[in-house]
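Shared between the two complexes below is subunit A, which pairs with subunit B and subunit C, respectively.
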Partner chain A sequence: MKKFSYLWKNALVLVLALVFAIPAALDFKAMQKREPIAENEALTETRMLSEYCEGLKGTPADTEIYILDSGVPGGTFLIFGGTHPNETAGMLAAVSLVENMKPTAGRFFIIPWLNKSGFTHTSPLDGMQDFFDIKLDDGSVRTFRVGNRLTNPIHQWPDRTYYEGTSGRKLVGTETAEIRNVNRMYYGNPDGVLTEKVCWGIYQLILKEGVNLTMDMHEGSPEFLYLDCTMVNEKADNPTAMSIAQGMSLDMEFDDLTMRAEFSGMKSYGLSHRSLGDNTPSMMTLMETYNPSMGPLHGKMDDDLIVGGNEPNYVEAYERGLNYFKVDDSGYPLIDRVARHITCISYLAKNYTDAHPDRAMSFEGLGSYADMVAKGLGGLLKPVGQK
Partner chain B sequence: MKKIFVLLLAALLLLISACGRQENTPATGQKETNAGTEAYDPSKTVEFEMKTSETNRIVTVGTVDKSLYSAPILITSFGQSTDAATLDTAMKRAGANYDYKPQATADEIGSYKTLVIAVGASTKGLGQAGISEKDETARAEAIMAKAKETGAQVVCVHIGGETRRGVLSDALADLVLPQCSLIILKEDANWDGKFTNYADQNQLPIILIFGQKDTVQVMTDVFGK
Partner chain C sequence: MDRELICLLVMLAVFLLANLLAKLPVSISMVLGAVAGALAGGQGIPLRHLFEGTFTYLDTILIISAAMLFMTVIQESGALEALNAVIVTRFYKKPALMLILLMFMIMFPGMITGSSTAAVLSAGALVAPVLLLIGIPKEKTGAIIAMGAIMGMAAPPINIPALLIAGGVDMPYIGFEGPLFFITIPCAVIAVLILGLKHCKGLDIEKLKAELDLEIGKKYGFRLYIPIFVLIILLVVSKLVPSLPQLGTALIFLISAAVGCFTGRRFNVWEKSLSAMETTIPVLGKLMGVGMFIQVLTLVGARGWIVVSALSLGTVMLYIFSCTIMPAFGAISSYGAASVMGVPFLLVLLQTGGSNDIVLCCMLSFLCCLGDLMPPTALAGNYAAQIVGLKYSPVLKKCVIPFLICLAAGLLCLIFSGSLSFLTA
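Coming up: the complex of A and B.
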């Protein structure tokens, strides 16, 4: 009887453990499944980043590169989102470009999920949720992951107490976790940690494909100083870079949009605009928009906040003079940020072409900022058979 | 009892480790300040009445004599902010003939009849250019001395707005103002009346603009073909 009781208790513990473990495991596994992407006739080729860094082959960090080649000789534009997976607009802007773009000059290399490993986990202690839904115009629903800004520790562990990447950035103290941050580890290392291999892949892609212009799409919380801002590396060998970026900024202003251009910080070691700009011939840019779901003051985390983009706590913080970035009741919906990223990219391509007509790059298929906002995400994204 | 104690201990350890919150480092490393000042603080701005507005974007006070500004024209920067690049773009769109040398030296300006100077200091811009505040001030002083010698017309352009005001920015503006024959100003920078008062006292024409995009129209009007 005593033995039976012992077994019964152990079985109960096991069942209880499974009650928690199975849903957690299913949830965890679900985050490892990449979102489908809709077909686009203009898509020329899909490659993996491991073609530029062999060490990524077969790892959870290997990611798709979508190539859209106009067939018209010109420049090459590399665009990536998902460097920080929780900065949602960059990933969705890249997905929208892949699904809608009709290139008319030059080639476009687009990576929606750059830190693919980062998309496989989330930040529960920041109150982040793992998925969000977008209802399309045909009634179907597309689900996307939110992810975490860092590589999943299951894929890269442990964080070292001291690390110095190829940029010379010293990761120590509170920065040790940044060894899993793609945007701290450029220009990467083929023999380094997994995150560095992603960086090396991008570095090699730029060199091997002769990329002329690169855009790394980001978002930030309103405590951050550089929102609606594009960082530009103005290298000695590319003195027109800031003028090209200011051309974009003026074009945005003519559309009643703010997108100022700012010099890349000289000490931004390991960041894409600094390290790739210094070590490749490409004009390097990094764009930031305001994401209301980021930052410590965000309230209830749900689809309304992620997609709707209205966070009253930040409105109040601005009214109290605590934020530089103006936040008001009208919110900052995801479609606005996605459209802003795409419009900035379009104007950068236009101004780059004006400055370098022999490296022309242009595309159609997405319309203006106003067109995209009018369509909404439900009209911009294509159905992929999800219900 | 022992098991319960172990479980409680494990839960306590889990709680302690979970409380170690990941630092939310911004994507781009550093915070810029206007060179020579503390960071711009919007709570310290002063209310003042603007002449320009969304609907009345360009206001000219005084008469601009366009015939003064003949080629060859040079655009340079005092303070290495992004504003010089904006001028470069605006002049290009205006169809003007000009050279763009944001770090031009006094030795290089001798042949220019018109100097268009973008005034406004940026720590990031100075850092990018590898120039110290002291060296930038020395370069500006040398250029103004050379301009006095050659008799070149000087246009003072301040289009960075209120965030482009600070100790170094103002010092650089003070070098240019005494020799300029025209001021072009994004009006929100004039919160203390610095530029309009100077123009008024010295009977200088001043073109006030509401936004940076208005630079294109002004450059077309003044320098366009």
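Coming up: the complex of A and C.
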């Protein structure tokens, strides 16, 4: 009898666990489905990153590359968002470019979900949302994932307690989890861990396609030093890189937008702007905007914080002199950050073309910063049949 | 009243009611507190968040489980009894030195793993019978183990709260050894001498020998200690030569345990492993509950509220909160105290002129570590009490004086961090 009740008790616990675990598992599983993307007549071709790194084929890290070729000879611009999936504006800016861009010179390679595995999970203890909604002008709703800055440990585990990537960056102590950070493992390794294969794919893409200019879109919490800032790698074979970046910065200033240009850190080993800049002919840039949902001070996590971008806690922290970055009551809505990324890309292309007319690259279809902000995300994104 | 404050109060109230009134286990009480907080915060029952928080400390859980299996093997094989005999017969003439060495032994696994629980379960369980044999009462033995484990957790090279705080302000974890040794070693020595020295005067070695099992050591000889050496060598080598293939702390414990199955007395490995896991499951449950609790705290904005409220305190209040609320938060989680309070406290204290950022970070982490003595969870105190066969309240009572000394030392170092800058060189 005692054994019987013991069995019943255990069976009950197991059933109860399943009652909770199954819906939770389905919830997590839902994050593995990529968002649809709207059609754009200017889209020439879609490839997978595995075309540049065989080892990615069939893995959860293989990701789409959208190619928009103007047909007019010129330069090649590689743009990617989603290096860190929780830095939402980069991914949405890339999606907006794919859906709206009409290239007029050169070719554009755009990757919205660079660390695709990172989009399939969120960061423990950060209380992050998995999805957020954007209501479009036609009344339909598009849902996007937030994700984690690192590759999903289900796809790459365990983190080694010591690792030296191809850049020479030694991952040890607090940095061991960074073995799952795409922006620490450049220029990658075709035989390395999954995250390194993503990096290798990008490295090979740049080399094989002769990419002239690359933009890696990021965001940071207000504690971070380099916000509204573009990092640029200047090297011997591209001495004009900083002047191009400063031209972009000046153009943005004329639009009343701050976007300073800074040199890549000399020891930023493994980061895209440093390692890809050092090892490929492409001019490497990386841009950061402020994302209030990422810092430790954030309040309740909801669509309002992610899309509205208003976090009073950071306003208070700024007023007490604890943030380097100015945060005011008006917040920093997602549309502002997306528009800022796109405007920066547009001016970089313009200034690059001015410096290298034989490698011209330009596009239309998105309008100015003010136009995009006036449209809002509901007007910028296209309907895809979601309700 | 702020909505976030209401959520926080609801979570704490439900947790305390469930634990203290309904007498539910701490882990279940935390789950209830988290669910209540999510409901109060308008998040419904966010299953995904509850599960995500639960799995936060998976690595720590694996290490604790493996450490527990290792300890069981060491006990059952006879290595523990043999070690007791050696230590007592070699050092009984110098009781102060003997106590200090035993304290360092307790600290060692905490220093390597950054976990007070691992220290209590491994070295703590090894040393406890020795302390009891030399005449230290059970409650004081438990207190010595708990204090030693906490000092080990705070001592370098691995201090997880310091890592969490440093990571939160983009500070590299470099130069922390000096300040951490400066605070932990004297505190550990003072604690063990206060608690144990008066019971170690005039030890009668013949009487002790009669109570010690001297035969097991003679029968199996040095091979009894092989699993302990395997453990130490693998742990030390993995830290000193990180470029070698890494096994991970959990696997190192398991390998050492496997070795121990063949080096001494024979026992039923399956049965003993099951019983070891039954003992350790409540602590694993607490860790899972803590993860869930903090996840919901963040989700509903209560963590942000705590941080911003701390910012408006002013320096004096911040010092007071650093040595009261921060260790008290250890009742939920000392890691949680570091990530929720440590980061903003450091940011505010850095604004005060003449401070040293690394020393500040070290001292805040030290104060967070003391939280592992805070009831009702009291991770270190709870397990130490279990090892000496007591409830944890008498053990915690004996910890009060050394705890207050540690608190005062930590606070002084926090206030005069600038003067301790030389330690970071």
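In this text, the second predicted complex is superposed on the first by the 375 of 387 C-alpha atoms of A that agree within 3 Å, B and C clash if a C-alpha of one lies under 4 Å from a C-alpha of the other, contacts with A are read in each partner's own complex, and residues count from 1 in each chain.
Operating definition for what follows: contacts are C-beta pairs under 8 Å (C-beta built on N, C-alpha and C of every residue); 3 or more make two chains touch, one makes a residue touch a chain.
Keep in mind the model is a prediction, meaning the values are calculated, not measured.
K.L.:
One more residue to check, A:296. First (subunit B), second (subunit C), both or neither?
P.N.:
both
K.L.:
Just subunit B (first), just subunit C (second), both, or neither: which does A:313 touch?
P.N.:
The answer is second: A:313 touches subunit C but not subunit B.
K.L.:
Kindly classify A:321 by the partners it touches after superposition: subunit B alone (first), subunit C alone (second), both, or neither?
P.N.:
After superposition on chain A, A:321 lies in contact with both partners, subunit B and subunit C.
K.L.:
Between subunit B (first) and subunit C (second), which, if any, makes contact with A:28: first, second, both or neither?
P.N.:
So A:28 only meets subunit C here.
K.L.:
Of the two partner chains, subunit B (first) and subunit C (second), which one does A:384 touch, if any: first, second, both, or neither?
P.N.:
In the superposition, A:384 contacts neither subunit B nor subunit C.
K.L.:
Just checking: does A:262 make contact with subunit B only, subunit C only, both, or neither of them? Give me first, second, both or neither.
P.N.:
The first partner, subunit B, only.
K.L.:
Which partner does A:48 contact after superposing on A: first (subunit B), second (subunit C), both, neither?
P.N.:
A:48 sits against neither subunit B nor subunit C.
K.L.:
Give the label of whichever partner, subunit B or subunit C, reaches more residues of subunit A.
P.N.:
For subunit A, the partner with the higher number of touched residues is B.
K.L.:
Touching A:162 in the superposition: subunit B (first), subunit C (second), both, neither?
P.N.:
second
K.L.:
Please work out whether A:38 is in contact with subunit B alone, subunit C alone, both, or neither, and reply first, second, both or neither.
P.N.:
In the superposed model, A:38 contacts neither subunit B nor subunit C.
K.L.:
Please write out, lowest number first, the residues of subunit A touched by both subunit B and subunit C across the two complexes.
P.N.:
Residues 125-126, 174, 224, 296, 321, which sit in both footprints.
K.L.:
Where on subunit A does subunit C make contact in their complex?
P.N.:
20-21, 23-24, 27-28, 122, 124-127, 130, 158, 160-162, 164, 172-174, 223-224, 296-301, 311, 313, 316-317, 320-322
K.L.:
Within their complex, state which residues of subunit B touch subunit A.
P.N.:
The touching residues are 18, 21-32, 39-40, 42-43, 82, 85-86, 88-90, 92-93, 100, 122, 124-125, 127-128, 211-213, 215-216.
K.L.:
Which bits of subunit C are touching subunit A when the two form their complex?
P.N.:
3-4, 41, 47-53, 55-56, 163, 166-170, 172-173, 238, 242-244, 246, 248, 291, 294-301, 303-305, 307-308, 311-312, 339, 343-344, 347-348, 351
K.L.:
Which residues of subunit A touch subunit B in the complex?
P.N.:
Answer in residue numbers: 83-84, 87, 123, 125-126, 150, 174-175, 177-178, 181, 183, 218, 220-221, 224-226, 231, 234, 242-243, 245-247, 249-250, 253-254, 260-269, 271, 273, 286, 288, 294-296, 321, 324, 351, 354.
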